[in-house]
Amino acid sequence: MLMLLAVFVPILAGVLVLALKNLKENRGVLTGCFTAVLAAEAVLVILAVMGGGSVTLWKLTDTITLGLKIDKVGSLFAVLTSVMWLLAGIHSTSYMKHEHDEQRFYGFYLIVVGVLAGLDFSADLITMYVFYEMMTLTSLPLVLHELTKEAIHAGLKYLFYSVAGAFLALFGIFFLANVCGNLQFTAGGVVTPDMIAGKEGLLLFAVFAMIVGFGTKAGMFPLHGWLPTAHPVAPAPASAVLSGVITKAGVIAIIRVVYFIVGPVMIRGTWVQYAWMVLALLTVFMGSMLAYREKVMKKRFAYSTVSQVSYVLFGLSLLEPTAFVGALCHVVFHSVIKDALFLFAGAVIVRTGWTRIEQLRGLGRIMPKALAFYTLAALALIGIPPASGFVSKWYLATGSLASGTGALGFIGPVILLISALLTAGYLLPIMIQGYFPGQDFDGQEIKERGLEGKEPEPAMLVPIGILGIASLLLGCFPGPLIAFARSVAEMVL
Amino acid sequence: MYDSLMTAVVLLPIIFGFLLLIFNNPIRSGHHERTMEIVTECLVLVNSLMVAALIISTGGRSGNLVLFRLYGQLTVMFKLDLMGSVFAGLVSFLWPLATLYSFEYMKNESRRPMFFAFYTMTYGVTLGVALAGNLITMYLFYEMLTFVTLPLVLYPMTREAARASRQYLYYSIGGAAFAFIGLVFVLSYSAIGTTEFVAGGMLNPELAGQHKNLLLLVYVLAFFGFGVKAAIFPFHDWLPKASVAPTPVTALLHAVAVVKSGAFAVLRFTYFIYGTSFLRGTWAQWAAMTAALVTITFGSTMAVKEIHLKRRLAYSTVSNLSYILFGASIMTPLGLIGALTHLVAHAFMKICAFFCAGAIMHQTEKTYIHQLDGLGRKMPVTFTCFLMSGLSLMGIPLFAGFISKWNLIQAALSWGGDAVAAGIPGGFIPYVGVGVILYSALMTGIYMLTVAIRAFFPAVGAALSSGSAVSAGAVSSSGSTVSAGAVSSSGNAASAGAAQSSGTSVRTEGEEREASDPSWLMLVPLVIFVIMIFVIGLHPEPLLKILEMIGGEAG
Amino acid sequence: MSFVQNFPFFSIIIAMFSGIVSAVISGKKARNLSIFAIGVTTCMSAAVLAYTWKTGESYTYMMGHFPAPWGNEIRAGVLEGLTALMFGVVMLLSVMGGLDHTEKDVEGSKLNLFYIMIDLMLSSLLALVYTNDLFTAYVFVEINTIAGCGLIMIRQWGRSLSAAIRYMVMSSLGSGLFLIGLSLLYDVTGQLLMIPAKEAVAQLAATDAYVIPMLVILAVISVGLAIKSGLYPFHYWIPDTYAYATPAASAVLSGLVSKGYIFLLIKILYRVMSPEHLMESYTLDVLYWFGIAGMMMGSIHAIQEKDTGRMIAYSSVAQIGYIYMGIGLGTQAGTTAAIFHIFSHGATKALLFISAVGLYEASGGERDYLSLRGAGYRNPLAAIGFTVGAMSMVGFPMLSGFISKLLFATSAFENTGKLLPTLIALAISTTLNAVYFLRLVISLYRPEKRKVDEVHRDSWNLRLAVVCFILLNLVLGLFSQPIVRAIGQGLIMFS
Amino acid sequence: MFAHLMLNIEETVSMILFGIGFTTLLLHPNLIKKIIGMNIMDTAVYLFLAAKGYIAGRMVPIMSDGIQDASAYINPVPSGLVLTGIVVSVSTTALMLALTIRLYERYGSLNLDRILILVKEEGKT
């Protein structure tokens, strides 16, 4: 029951927000309600997770039922989603003051979190697919919120890549429905060798199609093209959740497919695994490279997302418990860190209007605290101990070495390392230039605009702070998370 | 009693149409058009109720009703069976709504009696196709369909319309001419001496076995022949051209009645004449299937390229019709079920989309997609419905389109698996088909959603300025919510928006009047169609039960 | 001997006499006489049909009291009766429909000449149908030619004169070939009556004598009659001839005249020639392939044609192709189909010509199909007539064209070698027919830019003719069963 | 072969004549010559028929000095045919000549090709 509430309360609230047109005049009520719903959602999700259980939503046909069920992976993602949403939401109440069509933004923002909760709690592949499609469609207005030509173009790109990916995945769903009938998520998979006798090749193809298809949302090569276009044009809070959370929807979908439907056994050692690994590593490397060369701040973060989510995918592709733990941890860490980065970017944009890296010199004079939190997050993402990124990367690397995948298992850590260096290369300059603008920097512009010492508004600064500190703390005390991830890994592998 | 009802539902609209033609001048000179419309609507409604009564009372199965003997064993005969019931029921559900819609649409047109005369006649003829008990009767009504719909295509009387109608005619007649070959062959190889439809086929197995390749060739000829009306590549070209016709025609006839008659005829020919056991696994099956797949790919790609809204939808119809043909060419009970599901689902989706396009044209006289920027805020209900039908066409779950796609693909995968397992050459084609359908779904997403996005999210500075922002919130509400609730709220929003913008908005060039949602005559059908899309999408079980019965019989 | 048995002879004589009488009376009276004569002969044909249908066998009627081989014979069966009846009906309606035009196109003082030609035409057609004597057939072929030529040239117009001379030249060639064929046949068999000739030919076939002369005879006669009936590629005279004559003449010429020759050819092929010779000479195959070529080429020419009359005339070329294709199938079913198509085409083509006239009238005498735009609103009945005719040509079920198409197609099954070519040719030809006929129909219903001034009212007789032709088409389409059965029966009686 | 031809000299000649007439009628553009060709063609047939009916040493089947046995006369049927044929050919010739006169009056030419061109031009104006 609680999970139904967790799914439908925000959706209904979002619809209400969209439908009630006089809310516009009462900004206070609007933002108040908005924050309240987000908070309630976080609470509901946590309560639902604690309650557990399953529920059937609807019998579509005799063979297709839609249902929700709470399990560990879903819980992890749901909690993560709702918390991130809450923090980014708080940030947005301040950020969106400077934007048009606030109400629409809030409406869709609420709907998306409900849909994501549904996605995380889905009990079977088809339900998940339903929510997956809904997520694409309802998050679209967030992407093209600005309504500039660029934004619309980006929105369409986002839509078509996502839909293309979804239909690739749909092929797999159709195939699996055809061979096994039952698509309930079961740890370790439901596909047995005798089901697919004679169709092994097709099964592998279907799985690969699903990985690539769902990988679209996670920005995996070759369908990553939308991400650097779409994330930066959205308003910053939306970029934060798009990058931090919605990309993880692709991740959970792949987890569900590989570990809960097909089963790791079926693809271990096949071409699918290797292809997947290669794709993930390629993405990792390529994303970092592109981020390194990118001059626009939000785009740089977006490329970083491309690279970082593929860390997760690489971990999953190893089909190995340690790597799996690393992947799950990295899901959480990256979520937190990337949210922090994008929210920081939003704060900078609102305060200064600067978008390009070279403009950010002397940022430390304007918002030293915010920049400090940024530094924390950046260090965590690079993987400097004891910040969080280090933990996950450690697990990923050891898992990779232990996975028994031959040369790729060794190449993997190398690439992770190179990528970490690149990460440092593209994140640290902002911090360095911010605090140490150099001798020749006179800070003329900052003084003229009277920006000196103007930290972001509290509604922005607090979430950034929480996230920045969390990215450090999670690294210092990773124990519970790792234990949890381990239990999941034991279940599925 | 029921026999006479069958005759009545076919003849009543035809006779009524003739009467309208005869009294054309009195109606127009006496300005009795309103009366005529009411009478027409009542008649169509009564006819639909009669169809309903017929289907319910007979349970979808009636006896043979021989009307007259054409020549030799060729009798004109009606017989209601389940598949015919599905088609007849579909048509009779849509017709009153479409008629209602066309009153508003045709409001400012002259020559309305003529339009409604042929429109109503087409109803009867389409029911004739549905109720036909044997091939010759179906062929008869199939040909008649060409001729009664021709004036409707020609209706705008422009050069373009004349060209389109000529092409329509040539293609249809040509197709029928090749279908005729099939007819003659069936007559010669029939096991029962007549051309009556028999679930599972009626060819004389011994005789047919001797000339298997010849018969397969004939099947392919007839498949393409009947397929012309279902716009199969390379005989699809008439359909996009025919979209010059008034929208009610394009919507009802060129998305449902006429083209579905073609698909229906193919289904009849495949499952009730040849029988799938004869065709399955032969080159003829692969030929038919390949043609359908090429059409799907081609149609959806062309739809993306097309910038004229109605023609885009027409290309979409081209590709979607071939979904049905693809289902037909799978030649298993599941394939038939899939084809019929899509036949029903696509009818609602496409008529809804076309009616939206018609509403847009009617309210704003805009026909090209790039002109639609921001219209979604002015015509929220219309564009919501358009979005819904677009999503359904894409095959998003919870919409009707998903169900049909699901059934089709399951059928394709099952048969593909069997064919590969049995080592039949060409067994991979159904798998290719799955890929093609998914590709087409992606293209559908592109060509349908770009329109909706343009309408709801105009690029800044593209179309509207201040006025639009006022109603934006309310507008986008209808962009995402289930229709029924949105109608009232966004209706208000639109009026509020219109009131606001009348003072402040800067009108774009050539915009004669402020656009708004059309009157209830247009909206009611639209909303009903959207509801039907959801009903089928969410609760398809009753429909599927019936279709499974058909599949069980005909497989 | 029943009195009815005299009727074939009487009808020929009545027609001929009314022609002779017409020479000395005024045009109006000649017209009335002519219509009366056609009506009477039609009734007589009906009586003959009824009689032979009842008795179930054909009879020969000796002219004078000279028995074979010297005498001259008439032979009447169901098929002859039916054909004569159809010819009479079509002729009557054509003359009625073209009445006004005839009076407009023909000088008043020469009006009786026109009706003389009509009467002669009728008598020669009836004679061609009934005669059982080859040389009589030749004589009436020539009379037919002359009457036809007269009908064309009666209209004082450059085009019709040149058409007439071409017609004459081609017809003379055909007649000459036919005549030399007859002479050779007579040379070989010593017989001119068909039945004895058949016996003689059968004997020749049995003894394998005179093989080459028999082939030559077959070829020469077939080619001669093919030229006269306008089989492709001997069709060059057709378009001008049919298109530029006065409407009544056009309808009669296209609907009936060439059909008379075809009927004669069928008669000779089945009543005189032996199956062995037919097989050896490949005559039927040649006719079949030329028929198919005609179906295609006629339609293609028609598509290129802008003038409505010429278009309909080229369509005749195609339809004659159909008939020859049916004959060429060489089976009884094929011949049945061909004969049914003779009827069907006669009724349809005459309808087209007559209603086209109504359309020209409503369009200021313009014949170009572009000028006919919107004629459907100016002259609704004629347009409906034209539409029905066109739909019948295209093979719309319930109209006569569909039945003949169906008969052709089903009969093809008896000849497996020609099955697919026949069916595909039918399909393509149907499509081509649709292209030119329905193109015109569409433009009929396209309103013109200039305002429709007034609905054109045709005279009652034209409207009556159009309505009757439509009904005739429907009858042939809906109640074809007895007619086809009669043809079948007639063919059995035939040889 | 040649001997055969010589043996049936009448038939041979008539066939040659027929060929000449036929080609003239078909190909010659001059209308008068066409008519002459037609007549040659017809005459050839009559010659052929007459030759068929002729039996050497017998009489014309005309009663001049009382009826004799049938074997005394030649076959009368071909003669009858020839007579009929001549009638037919005369009327056809007359008709064609009449037509020719009409055309000549109208177009001032006897060349059929030229006439056809003139007709076309006339139709255009």
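By letter and in written order, the chains are A, B, C and D; residue numbering begins at 1 in each of them.
Operating definition for what follows: a residue touches a chain if its C-beta (ideal position, glycine included) is under 8 Å from a C-beta of that chain, and two chains touch if they have at least 3 such contacts.
The structure presented is a predicted model; accordingly, all values stated were derived computationally and were not measured.
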Comparison of A-B and C-D by number of C-beta pairs in contact, larger one: A-B
Label of the chain whose CA centroid is most distant from the centroid of chain D: A
Chain closest to the middle [Cα centroid of all protein chains]: B
Mean-CA-position distance for chain C and chain A (Å): 84
Gap in Å, rounded to a whole number, between the CA centres of chain B and chain A: 42
Cα-centroid distance, chain C relative to chain D, in whole angstrom: 27
Inter-centroid spacing, chain D versus chain A (mean Cα positions, whole Å): 103
Graph class of chain-chain contacts, one of line, ring, star, complete, other: line
Every chain pair meeting the contact rule: A-B, B-C, C-D
Contact footprint of chain C on chain B as seen in their complex: 68-72, 74, 136, 139-140, 143-144, 147, 150-151, 154, 157, 162, 165-166, 169-170, 173-174, 176-178, 180-181, 184-185, 187-188, 214, 217, 221, 225
Residues of chain C that touch chain B when the two form their complex: 391, 394-398, 403, 405-406, 409-410, 412-413, 420, 423-424, 426-428, 430-431, 433-435, 438-439, 442-443, 445-447, 478, 480-481, 484
Parts of chain D lying in touch with chain C, wherever the complex brings them together: 18, 21-22, 25-26, 31, 34, 38, 41-42, 44-45, 48-49, 52, 77-78, 81, 84-85, 88, 91-92, 95-96, 99-100, 102-103, 106-107, 112, 115-116, 118-119, 122-123
List of chain C residues in touch with chain D within their complex: 69-70, 135, 138-139, 142-143, 145-146, 149-150, 153, 158-159, 161-162, 164-166, 168-169, 172-173, 175-177, 179-180, 183, 186-187, 192
Residue numbers on chain A that touch chain B, as the complex places them: 15, 18-19, 21, 23-24, 58-62, 64, 100-101, 103-104, 107-108, 111, 126, 129-130, 133-134, 137-138, 140-141, 144, 146-149, 151-152, 155-156, 159-160, 163-164, 167-168, 170-171, 174-175, 177-179, 198-199, 202
